[in-house]
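What follows is a set of structures for review.
Two complexes follow with subunit A in common, the first pairing it with subunit B and the second with subunit C.
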Partner chain A sequence: MHDIDPGWAWSPVEESQQPWTRQLAAHLYRRAGFSATSETLDEAANKSAAEVVAELVDGRTESEEYLAQMKQLGRTVVATGNVENLPAWWMYRFLTTTDMLREKMTLFWHGHFATSGDKVTDPQLMVDQNELLRRNSLGNFGTLVAEISRNPAMLIYLDSVTNRKAHPNENFAREVMELFALGEGRYTEDDIRELSRCFTGWEIRNGRYRFNRYQHDSGRKSILGQEGPFDGDEGVAIVLDQPALPDFIIGKLYQFFIADEPAPPAELLAPLTIEFRENGLNIAPVLKRILSSQLFYSPHSVARKVRSPVEFSVGFLRALEGSTDQYALTSGLSELGQVPFFPPNVKGWDGGRTWINSSTLLARSNLIQSILKNKNTRFSNGTLSDLFDKHRLNSSQEIIDWLETMLLAVSLPETVRLQLQSKIDSGSGNREERLKEVVHLICGLPEYQLS
Partner chain B sequence: MSLSRRRFLALSAPAMMAFGRSAPRLFAQAANQSSEKDSDNILVVVQMSGGNDGLNTVIPHSHDEYKKSRPTLAISKDDVFAIDDDFGLHPELNGFADLLEDGRLGIVQGVGYPNPNRSHFESMDIWHTCFRKNESRQDGWLGRAIDQVQQQSSLDIPALHLGHQKQPFALTSLVHRVPTVKSLDQFRLEPLSQMTVPELQQGVRLERSESANLLGFVQSSTENALDVAQRMLETTSGYQPSVTYPESPIANDLKTIAQLIDSEFATRIYYVEIDGFDTHSEQALAHASLLKHVSESVTAFLNDIQQHGHGDRVLVTCFSEFGRRVAENASKGTDHGTAAPMFLAGNAVQPGLIGEHPDLTNLEQGDLVFHTDFREVYAGILENWLNLESKRVLGGSFDPVAFLNSSVS
Partner chain C sequence: MNAFFDSRFLLFALTSLALLTSPVQAQTAIELLPETTVIFAEVQHPHQLVESVLAHPVSRKVQDSNAYREALKDPNAMGFLFVVRFIEAQIGMPWQKAIETLAAGGVTIAVDSRTEGVVALMKSNDPEKLASTLDKVIQLARSDAENKGEDDPFEEREYRGLKAYGKDGGGFFVYEDWLILVNKADTARDIADALLDGRETSLADSETFQEALQHKTSEDISWAFVETEPLRRGDNDDLRKLFSGIADNPGGEFILGGILEALKDAPYLTASLSAKNDTLTLDLKIPFERTSLSENREHFFGPRGTGHAAETQEISGLLFSISAYRYVSEMWLRAGDLFDAKANDNLAQADSTLTTLFSGKDFAEDILGALEPTFQIVGMRQSFSEDRPTPAIKIPAFALLAEMKDPETTTREFRRIFQSFIGFLNIVGAMEGQPQYELGQLQLDEGEIVSATFIPEVGEETARDAKIHFNFSPTLAFSGNQLILASTTDFARTLITSDDSGGTEKTGDSDQVINTLAEVSLPELQRVLADNESHLIAQNMLKEGHSQEEAKRQIRTLFEILNLFEEASLQLLTDEHHVDLKLDVVLQPSE
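Up next, the complex of A and B:
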């Protein structure tokens, strides 16, 4: 990791060094989205990497009808009054959106500004926050923080519904510094106490933000070396201006898009943190640079991440043109350790190796088994045989080759390939049963857990 | 019946002292071989996540500073279970009060560490690894303990995490994989056909070219999951608890542990977690309910294993990543603080208060100054209970806190 030249790492990937293939396009869609169909990979392979990345970052391809449908579905879910119904709604969007990167970034920010329906309980407030994150997901980080600071769901989650002058509650101020903007250790306990004074008078009444000037402490504060009678917005602005901020956010984006481990040295991140700072904390340009970089398409990145449960399940269905019982799919997710709208704590999901333990591994395999068994499951509106026929896959070898490209970031050991092929050719049960078993086995192997 | 391990160690203790540093390992190994599997001591860790308000757990009810700092949250002398004249247990800690009266509860006061960190995640990592952020920390204290256990006598499942949360860092070992079991019912692979499990096992076991990295980690974890799931199916049917457990996730986890201890599992370390102690606002009711869950569940568990004949070899310890600020905030809650009590429970424990309570009139930034370093408690658990060498685990020498009653140690 320390040997990587930062200049090389973030320069655009070159066709001469790294030929653009269906495999690399599949890598891009796994990371920047939730995997893609075979047709999408064919189309992508006929363009350049830069063109496909530009479409992902800049494209707004969701139709008016689709957006109206999502809104209507959202209203229906909110009308049930039960936050437990929200994950299925978002999973449906993960499965169907054509703006994959925006949805992926919405999930990223949901983990970053983690807020749980467990505590907030009002589905409307959770949906509102979700829209806030989506609207800003590829926009400006400063705007995002400013908006989230007054977001009712967030303030309820962090016990800041009331904040009185006399003994300010430190919870929100602490998380702004530790988890939202700077990272642990980039501030002092005094900074937290002083910032919490800025937020006094910020309240939530009837699901709305309100400023109560009688409870605001308008005295002078000293935050991160600056002094003045700061209010909440000014306090946030001081935090946003810290040199530690771009390091922290870029570090998280690196982990989300490039590799779980090892942690990158500061020199490697420097070109990106400089760019992020210089462009005024705009997110899209930095993402474009990451996703079209030499490093992103290199062995330092490919297969260097553990799939999150959402990537695991949605990616399976999207790659194989699948659809299934929405509620069964979503209820299985909690066993895997990630339910959208219900992060485990204010730090969100740690990801990486922490996705993996004996229970989650068994649950991963069992989720695929239950999808394959479910009578409502379709692959390209039919069976697995129909799907493979549609893609003109005749021999068992062609099927395994195709599944490798569609599902795996790293190829299977040769012995396993042969074992799976002979299972298709001469295993027990009818052909569809054998195909299902082969797909189930692939998804239980270590290779499929990686992205 | 062969000589139990503990008696063997007790008999040979003078000999060990004569041998100096290297002797205990030798004897521990000999003891291990000569004893039955079920004579090995077991540790159950209960993690109370979020920062437990120690001052409203073990309560200095009559102290002026306490009453003054907690205008709405102070609990009065009349409501507590008395420990001595100065301290009492929270009114919902009936179970712990019974254990104390029964001589089975020790309370280490004011446990913390120098230069306290008030971030949940950083402080929890410090408790889990015994190291600070700027030091290299790739494994946890129990993970390193497991490495030693496995060197002494290789166990199928040296440690087990019960619960729906991600696995605690404390259990991370560089060499061994610790299983996480959410519930025994779901801890199995659902096959599409009879062939699925053996074929998957075969496919997983094959050597990979890049086994040192992430793929290797997932591979060994999958292998472990499939093996452990099979072992669980074979050995855990037909357990009848001898007490009624309360209805809560932590009670269910502890009931499962009782079941596993009573089966043939030679697991030495179990880990459970209860979250929600981060009481920044409207603390009183939430905190009371959490303490009730912990106390009732741990008490039911200890009574259950006692009646199944394993009481002498089980130690439960309860900890939190930090305590809370002495002064309450304006939301009828408390903010992140520092030192707090740790509980140790089991037949072998010396009952009552251990160490001194932090001085309420000598605060640092409004927080208590710790009295006992948590690594001293760990050292006591490692050296005197698990018979492991603590220095390697803790990354330094710490005086073991003496918490066992004299008839044991």
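Up next, the complex of A and C:
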């Protein structure tokens, strides 16, 4: 990792050095979205990598009709009054959105600004926060932090519903520095105490933010080397101005898009952190650079991440044009350790290797089986046989080749490939049962756990 | 024993045959089935049933409906129709004619307790046609399996000259005008022997069956018999529990206690399906001696089994009504004899909580005991005025109606308890940030109303997607002896001011008493669902994974199906010798 030239790493991938293929397009969609259908890969393969990345980052491809549908769907889920129905709603959106990167980034920020329905039991507040994250997911990080700082769900989650000048609540100030912007060790306990004074008077009443001027400490504060009678917004601005901030955010984006481990050296990330700061903390330009880079399409990135449970399940369904019972799917996800709207704690999900252990590996296999068995599961509105017929896949070899491209980041070992082919040709049960078994087996392979 | 017909059985069968004295050649399914048959169900004239269904105006309505036309566009439906047409072409007659020919003598399904097998019998009036049709169907199934790369679906075996097709113990064969389908080889052999040699004793010789047969009428489209004793003694835990006469919990006892009581000793059950004018009736009869009713179930059936439901409130636009005789106070006090230790512990805990909630009054004695043992629960679609919050999910209003034994004393008590309870809800609601109730009181000519109305937040007074809470304005009303506990004030007012003198007590035949009567208006149900159409579509999208278009289509199909029906009702009746559970479904009147 230390040997990688940062100049090479973040330069755009070139056709002459790395021919643009369906496999690379599949890698891009796995990371920047939740996998693509065969048609989408065909379309992508006929464009350049830069064009596809530009569409993902800049395009707002969701139609007005779709947005209205999602809004209505959200309203009706909120109307049930049960926050536990929200994950099914978001999973539906993961499965059906055409704006994949925006949704993927919304999930990223949800893990970053973790807020759980376990504590925020009003579904409307959780949906409002989700929409805030989506609206700013590819926008400006400063705006995002400023908005999230006044977000009722966030303040309720961090026990900051009231913040009186006599007893400043340090919770929120601590998370702003440690989890949202700077990372551990880049501030002092005094900085936290002083920043918490800036947020005094920030309150939540009836699910809405309110500034109570009588409870605000308007005295002078000393934060991260700056002094003045700062209010909350000014306190956030001081934090956002810290040199450590781009390192912290770019480091997290690297881990989310390039590789779980090892941690990259600061020199490798330097070109990105400079660009992030120079662009006024705008997220889209830096994402475009990451997703177009030589490093992103190199062996340093391909198959160097463990699929999160959402990527694991949604990726499976999206690649195979699937739809299913979202409630059953969400219920299965809890066994895998990731239910949207319910992160485990203020730090969000650890990710990486922590997704996999003997228990979750078994749960992953069981989840795929339960999806395949669910009576509401359809592939391209029919059975797996219908899906393969639609793509004119006749022989077992054609089917395995196709599944390999659609589902896997690395090639199948030859012996496994032959075993799978033989399952299709002469396994037990009827053809549909055999196909389901093969798909189930593929998703249980170590190769499928990698993105 | 996996072999469909094996040689050892052949030897046994031949030996047995020699011992038989005067076997009877079976002409009917009843004569063909063994005396050990425990479940018997038949459709005597399937072709008449098909003709009646196809000729009914509702059938035309279905075919004219958008839902039906849309359903036909479904690839699965198109595939099914293609197969039906193909088979029709192969056998040279439309499917309606095929049923008339191949099942002219009726269709019967039976379960035999000795072999523990299930058998389906179909009697044709054209043995040649039956045999050739079966050949064609077998050919089709085989070529379909071959095309799909699957194994031959049928293995062929012979037993005493009969050729049988099957797999894994189950299969089918034809003998003269009979088509026999079975799931076990032993059962197949038994039926085959009976066809070839006749039976010495058959189901027709069973006294229990003959007694049950008396309940069968010429109007029955389908009739079924279940002999309970073998099921009661069998290994199946669920069935043993069903016939034990014990409910697991107070809810189960409240709803099913009487039926469980009757099932406990009944030697058999019968069920029939009949159609008259626009009404389909499913009737389950259980033998039951009213005079020998155990004391423990008097809370359900009343003294000597004569407890009857109160007159139903006749109000236009009711969504549903349930009227029943249940002396809940008595059930509560008899809990020690009715439920297991765990249920009794839970009940004791609930009793303690409720006694506290009801200001120290003994819940079973003072609260439930203050009411007569008859009650009604009614429901009605709500309409929401423009100047009040309209909830996003619209729940029908509902109410409990009961008679007070001593209104002079209990009216005051219930009023005070209700007001305290609303105060309690306000405290709990305030702690959870929920809207608060405002108490109100209204005196009408017909009685008194004590209401509790949610206060909307500022700016939310006319919200169109308000919280689910705004479906409710809990109300207690008194009118003479009557106590009404309603989910909304409007509904309580409707009930208290309605002129229910037109209500008629519905009674059954002769000495029959209606213990429970539940009715639902399907057009009203359709309206309630239509009020929540967007919510139903959203739930369908999430539950079924459908697109919005698909979900809309499915929900609207449901509405169209509901539009075919007028009303459904369920009655639990008793007479001197039976408990009768009757389900009526009334179709929309024929035009």
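Some notes on this structure:
Keep this in mind: the second predicted complex is superposed on the first by the 451 of 451 C-alpha atoms of A that agree within 3 Å, B and C clash if a C-alpha of one lies under 4 Å from a C-alpha of the other, contacts with A are read in each partner's own complex, and residues count from 1 in each chain.
We take it that a contact is a pair of C-beta atoms (placed from the backbone, for glycine too) under 8 Å apart; a residue touches a chain by one contact, two chains touch by 3 or more.
These numbers come from a predicted model, not from an experiment.
After superposition on subunit A, the partners subunit B and subunit C are accommodated together without colliding. In the superposition on chain A, the chain among subunit B and subunit C reaching more residues of subunit A is B.
Legend: residue contacts after superposition of the two complexes on their common chain; A:430 is shown touching subunit C, with no touch to subunit B. Of the two partner chains placed around the shared chain by superposition, neither subunit B nor subunit C is touched by A:220. In the superposition on chain A, A:210 contacts neither subunit B nor subunit C. In the superposed model, A:71 makes contact with neither subunit B nor subunit C.
With both structures placed on the common chain, the touch criterion links A:449 to subunit B but leaves subunit C unconnected.
In the superposed model, the vertex angle subunit B-subunit A-subunit C (Cα centres) comes to 80 degrees (nearest 10).
By the touch criterion stated above, A:366 is placed in contact with subunit B alone, subunit C being left untouched. Superposition on the common chain places the nearest Cα atoms of subunit B and subunit C 13 Å from each other.
Residues of subunit A touching subunit C in their complex: 69, 72-73, 75-81, 85, 88-89, 92, 95-96, 122, 206-207, 323-327, 376-378, 382, 430-431. Of all residues in subunit A, only 158-159, 161-171, 174, 178, 184-185, 189, 260-261, 303-306, 334-335, 337, 344-347, 350, 353-363, 365-366, 369-370, 372-373, 410, 413, 415-416, 419, 423, 427-429, 433, 436-437, 440-441, 444-447, 449-450 touch subunit B in the complex they form. Residue ranges on subunit B touching subunit A, taken from their complex, read 49, 117-122, 133, 161, 164-167, 177-182, 186-193, 195-196, 199-200, 202-204, 206-208, 210, 213-215, 217-219, 221-222, 224-225, 228-229, 275, 278, 280-281, 327-331, 333, 335-336, 365. Contact residues on subunit C toward subunit A in their complex (touch as defined above): 75, 148-150, 391-393, 433, 457, 465, 467-468, 534-535, 538-539, 541-548.
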